[in-house]
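Two complexes are shown next, each including chain A; its partner changes from chain B in the first to chain C in the second.
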Partner chain A sequence: MYRNLTIRQKQIVWAWAFLAIPVLFYTIIRFYPTGNAVLISFQNWNLLGDRTWAGMENYQKLWNDPVFWKVFKNTFVYLLLGTPISLVLSFVIAYHLDKLRFMHGFLRMLYFLPFMTSAVAMAWVWRWFYQDVPIGLFNNILAGFGIPQVAFLQSTTNALPAVLAPAVWAGLGFQVIIFMAGLRAIPTSYYEAAKIDGVGWFTVLTQITIPLLRPTIVFIVVFSSIGFLRIFDHVFNMTTNNPGGPLNATKPLVLMIYDTAFNGFDMGYAAAQTVVLFTILLIVSLIQLRLLRST
Partner chain B sequence: MSDIAPSADTLLMAKPAPRSRNMGQILRWLILFIGGIAMIMPIAYMISTSLKWPHEVYNVNLIPEEPTIENYTYVLEDGRFYWWFVNSIIIATITTICNLLFDSLVGYTLCKFRFPGRTIVFIAILSTLMIPTEMLVIPWYLMSQAFGWLDTYWGIMFPGLMTAFGTFLMKQFFESVPDDFIEAARIDGLNELQIWWTVAMPLVKPALAALAIFVFLGNWTAFLWPLIVTNSVDMYTIPVGLSGFGDEADVAWELIMTGAAISTIPTLIVFLIFQRFIIRGVVMAGLKG
Partner chain C sequence: MKAHLKGLVLAGLTSSAALLASAANAVEIEYWQYFFDARVEAMETLIENFEAANPDITVTMTHFPYADYRTKVAAAIPAGEGPDVVQLFYGWLNDYVEAELIQPLPADTFPAVQIDSDFFPMVQAMKDGDNYWALPTAVRSLALFYNERLFEEAGIDGPPETLDELMETAAALTKLDGAGNITQVGITAGMTAQDHHWWREGLVRQFGGDPYADDYQTVNYNTDAGAAALGFYTDMFLGDPPVTAIGFMDEPQAAFKAGRAGMHIDGSFRIGSLNGTRGLKWGVTELPANADGTRSNYSSYWVNAITTKAEGEKYDASVKFMQYITSDEAMQIWLDTVGELPAKPSVGLTEANANDETFGPFIRGLAYANTTKFANESGQRQLMVEMVERIQLEGMDPAESLAIAAEAEQKLLDEYYAE
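Here is the complex of A and B:
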């Protein structure tokens, strides 16, 4: 029967034969669970008892939950601190590294190396750095200079930036590499023209380099925003004694989801939180694409 | 971004030598060098502490006075890290192979075949990029519970066997394979599976390598899902194991640093060997993806 098909028909048969398993996979492992998560968010379920219809109950509970609003704020603080800091740092590093030749590859390697580490391992290393005297490296160094010690992870104000630091540190190398590739993609003729016109470096930077880097900047901003909104590994591992603590000062949305679902077994409530996370990610990505693509 | 379409290689070559070697250049180099050294300090301290005796751990010296591998012998003799390491290797390897096969097959099909439903399949797969893993873990957990996948390799692996990112990346790269090659192979009597495997795949080897690195690293360091799906200590992956190990009541910091080093050193070694290759892969994925 196959022999009687036209070439075009044979192509269709092959295409669907190749796609059969993947289409099944995406349906069962991606689309069905997505729908299921939305469905569960409208139900009450503690894994053991019956699933009962809850309507908007879970969302109302979320709206009235002070912990959720604290967590919501934390999540955006991670985003609003992490994204600009890592964007500026990685641009400055890439901009200057791009102008160097001597040991260029070696310097690039130093900046990229942290990207190859595992978040869990590095969270524990940084956690050790942050301990009090005589354990923690940072406080030992401060003590060496006679500076009073700083409470990093125990303080409600310092803990969030302290947890954010290793996340920024680990992602920096990736952004530097992407920025450097973006810088190289700018045709040198622009710079030559600017040189002939005797334009200063600052004008070149703001009038040529940054506008032409727009696609790279869009990519990095969207990519790192999604990363900071989903922060979990660092927070969980740096605060295992009191996850998200002290007093929920470091708790991001993903940690609240994990807690609600796998410590509290309140699946409906946790699913409602995941729907909120999904909505936030969607809105933030769309706004950024809009803002940065236009003009 | 691909409308500029410079190859990753040209983007990574150093620029022509600047004529001036003035003070500004030297200062720029020095500051970047100091910054770079600061960047690797956490890694350096992790390794240095893992080689220290307990009495020296809280000393800020980077170089241990009397280096020892005692911490490594202790941690490995304990046995758990050994298993976690093996689990992580098995899971990351199988997942990587699966991604290489399926992502490239789907990418190839979507790129080189014309068939009804092509656009909708492409858009459907691409749209899964917008769904965060965190939204899926609860349904995946329920699914694993129903089918008895909790606490098994399959349970840890199944969500990551194919990725939309990999599919999209491979589709972009198959664009560069000329249709004439495929047509010629058809005339030679190869079937479509043979054409994909023997003609198209060898032409996208750099992209496959980049994808392999990303998938392997991603699975080696994955934390949230393995944490949820594993219950018994024997099934933990390295990150889950390390997290629990660090949390035990009286574990000394030098032992935690040793565990952290065991989980980090393999990827660092791979990076140092394939450095140029990996950075090129990051650029390719960044530009095309």
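Here is the complex of A and C:
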């Protein structure tokens, strides 16, 4: 039967034969659980008993849950603070590191090191930094000067930035490397032309470097946005005694999902939250990809 | 090509079938519990003793981190895998029974009348008609740990007997640095640890209240007694001067272990981890009484049950194993290894145990202890944590915060019992 096919048809058969493996993999590992999660979001299930239909009940509960809105806001605060801060920081570092020749490799390694470190270990070390007197590093320094201690994690206002700081720091190394690759990819002829014309550094930066870095910037923005929208390990490990606390001040959506599912055993409600997170991620990614395409 | 694929699939199927079908000659039963060093060690001893007495039965123990425990049990049993005998928290019983994960213990080997009279009364929550669903080896209660070195240094003779004395003693033990920061707390505090149990079943009752009504289905602490209990608790860190700080040294037990806390309320399971701490000289006493001398305590327990997976000879072996791990001998081993108290007064209240310097206060505490029937323990604890945080971090009026907590907990209970 295969022999009777045209070359074009044979090519299609072969293409599908090779594609079958990833398609099967994605169907079983990605699409089936995703579909199942959507299904569970319309059901009540405590993990042990039978699943019962709940209709829109879980979504209604979500809409009326003040904790959800608080968490929703937190998630976007992580995104709106984290992405620009890490973008600007990593660009400034990459821009200057690119011009530096002395110990270039060593410095680059230092910046990349946090990215390779386990987030859990890092979060626990920072958690120790933030403790009150007598054990916390920062507060001991303050106390050494006779300054009253600052409540970092035990505060509804300071806790979120305190948790965000190590998360930004951890992702910096990766973004610096990507920016440097982007900077290297800009043809030197543009810079030479600018030099001949006698243009100042600021004009070079705003008219040549940044416009030509656009694909790199969009990539980093998409990548780090998804990362901050899904932030979990730093928050969970720095607040394990009171996950997402105090008073849900640091709780991101993923942590709420985890808590609902594996402490409250309310799988339906957790699945509804997951569907909402999925929708947000989808929308944010689509907007950003559209911006990328317009170049 | 098609034939080839068929062959491949067949080969895969047969090899996986061969893997699954492992022949068992002697009876082998599986036991599951969550991972806690001393508990695993105690169970290893029990299994060794049991196997020596029953050479035809092998018991395999599997343990998981606490966080994954329930998920794995729920996934394994319906699939016909997993344990024959399983350990579960007393508060989970309803869920396990409804999900048909466990089966009742046989009435001839475990007669209800006998168990009613042999075990501490709180165990009766595991009974349904003539059958018990599950039985504990050990029970837990709270007591007041104190640091003997710090007491000596501050010139305090002995541990406090009443709540007023508790505050005085704590004040004498608190130390500040030049900037006014607390560097040593008189007593640890934090609803995230055991304090929420102390507040619910201890303080609320001691201030004349009854934290729940209708068999723990109705919240009943939004009263004057509840407000007084909350006032006492928040005075510890909001009073003038404060004798403790929430989040001090990250965790209450860490502060006590490091010798930076004068007193610490915790469960009997903490004994094992405090014992090996270098440089820490500690004592333990009963929870302080109120002005009339009334004491109140909280007790809880983990139980063992036979799962629905166990059938035939495995079921018989499981019954034998259950008999052994609920025997007097097993309870004493558990007490000596883990520090958790025997579930039978006949073992727990022996002269030696009740007067034991370490176990005595916990065992005496059992006599006036109450067991909260939780619908969702971590959720209900979280509400207590937030009740205190609203007062401490947002300056909310305590009465208002108490009302919010009571309302939220009632909602949680209603949702649970509605199902």
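Basically, the second predicted complex is superposed on the first by the 266 of 295 C-alpha atoms of A that agree within 3 Å, B and C clash if a C-alpha of one lies under 4 Å from a C-alpha of the other, contacts with A are read in each partner's own complex, and residues count from 1 in each chain.
Please note the rule applied: a residue touches a chain if its C-beta (ideal position, glycine included) is under 8 Å from a C-beta of that chain, and two chains touch if they have at least 3 such contacts.
Just so you know, these numbers come straight off a predicted model, no measurement behind them.
Colleague: Give one of first, second, both or neither to describe whether A:22 is in contact with chain B, with chain C, with both, or with none.
Modeller: First partner only.
Colleague: Return first, second, both or neither, reflecting whether A:262 touches chain B, chain C, both chains, or no partner chain.
Modeller: The answer is both, since A:262 touches chain B and chain C.
Colleague: Among the partners chain B and chain C, which is in contact with a greater number of residues of chain A?
Modeller: It is B that touches the greater number of chain A residues.
Colleague: Between chain B and chain C, whom does A:237 touch in the aligned arrangement: first, second, both, or neither?
Modeller: Touch partner of A:237: chain B, not chain C.
Colleague: Taking the superposition on A as described, I'd like to know which of chain B and chain C A:2 touches: first, second, both or neither.
Modeller: The answer is second: A:2 touches chain C but not chain B.
Colleague: Given the touch rule stated above, what does A:134 touch, chain B (first), chain C (second), both, or neither?
Modeller: both
Colleague: Touching A:154 in the superposition: chain B (first), chain C (second), both, neither?
Modeller: Only chain C; A:154 stays clear of chain B.
Colleague: Looking at the overlay, does A:63 come into contact with chain B only (first), chain C only (second), both, or neither?
Modeller: In the superposed model, A:63 contacts neither chain B nor chain C.
Colleague: Could you tell me if A:146 is touching chain B, chain C, both of them or neither one (first, second, both, neither)?
Modeller: Only chain C; A:146 stays clear of chain B.
Colleague: Would you please give the residues of chain A that touch chain B in one complex and also touch chain C in the other complex?
Modeller: Residues 127-128, 131, 134-135, 241, 262 of chain A touch both chain B and chain C.
Colleague: Any idea which chain A residues touch chain C in the complex?
Modeller: 2, 44, 46-49, 127-128, 131-135, 139, 142-143, 146-149, 153-156, 241-242, 245-247, 262-265
Colleague: Mind pulling up the chain C residues that touch chain A in the complex?
Modeller: 1, 67, 70-71, 74, 95-96, 98-99, 101, 177-183, 190, 192-193, 245-251, 260, 376, 378-379, 382, 385-386, 389-390, 393-394, 419
Colleague: Within their complex, state which residues of chain B touch chain A.
Modeller: On the chain B side, the touching residues are 1, 4, 6, 8, 10-12, 14-15, 17-18, 25, 28-29, 31-33, 35-37, 39-40, 42-43, 45-46, 49, 58, 60, 102, 105-106, 108-109, 113-118, 121, 124-125, 128, 130-132, 134-143, 158-159, 161-162, 167, 192-193, 196, 217, 220-221, 223-224, 228, 238-240, 242-243, 246-247, 253, 256-257, 259-261, 263-264, 267-268, 270-271, 275-276, 278-279, 282-283, 286-287.
Colleague: Which of the residues in chain A come into contact with chain B in the complex?
Modeller: The touching residues are 8, 11-12, 14-16, 18-19, 21-23, 25-26, 29-34, 36-37, 40, 93, 96-105, 107-114, 116-122, 124-129, 131, 134-135, 137, 140-141, 144, 166, 169, 172-174, 177-178, 180-181, 184-185, 215-216, 219, 230, 232-233, 236-237, 240-241, 254, 257-258, 261-262, 267, 270-271, 274-275, 277-278, 281-282, 285.
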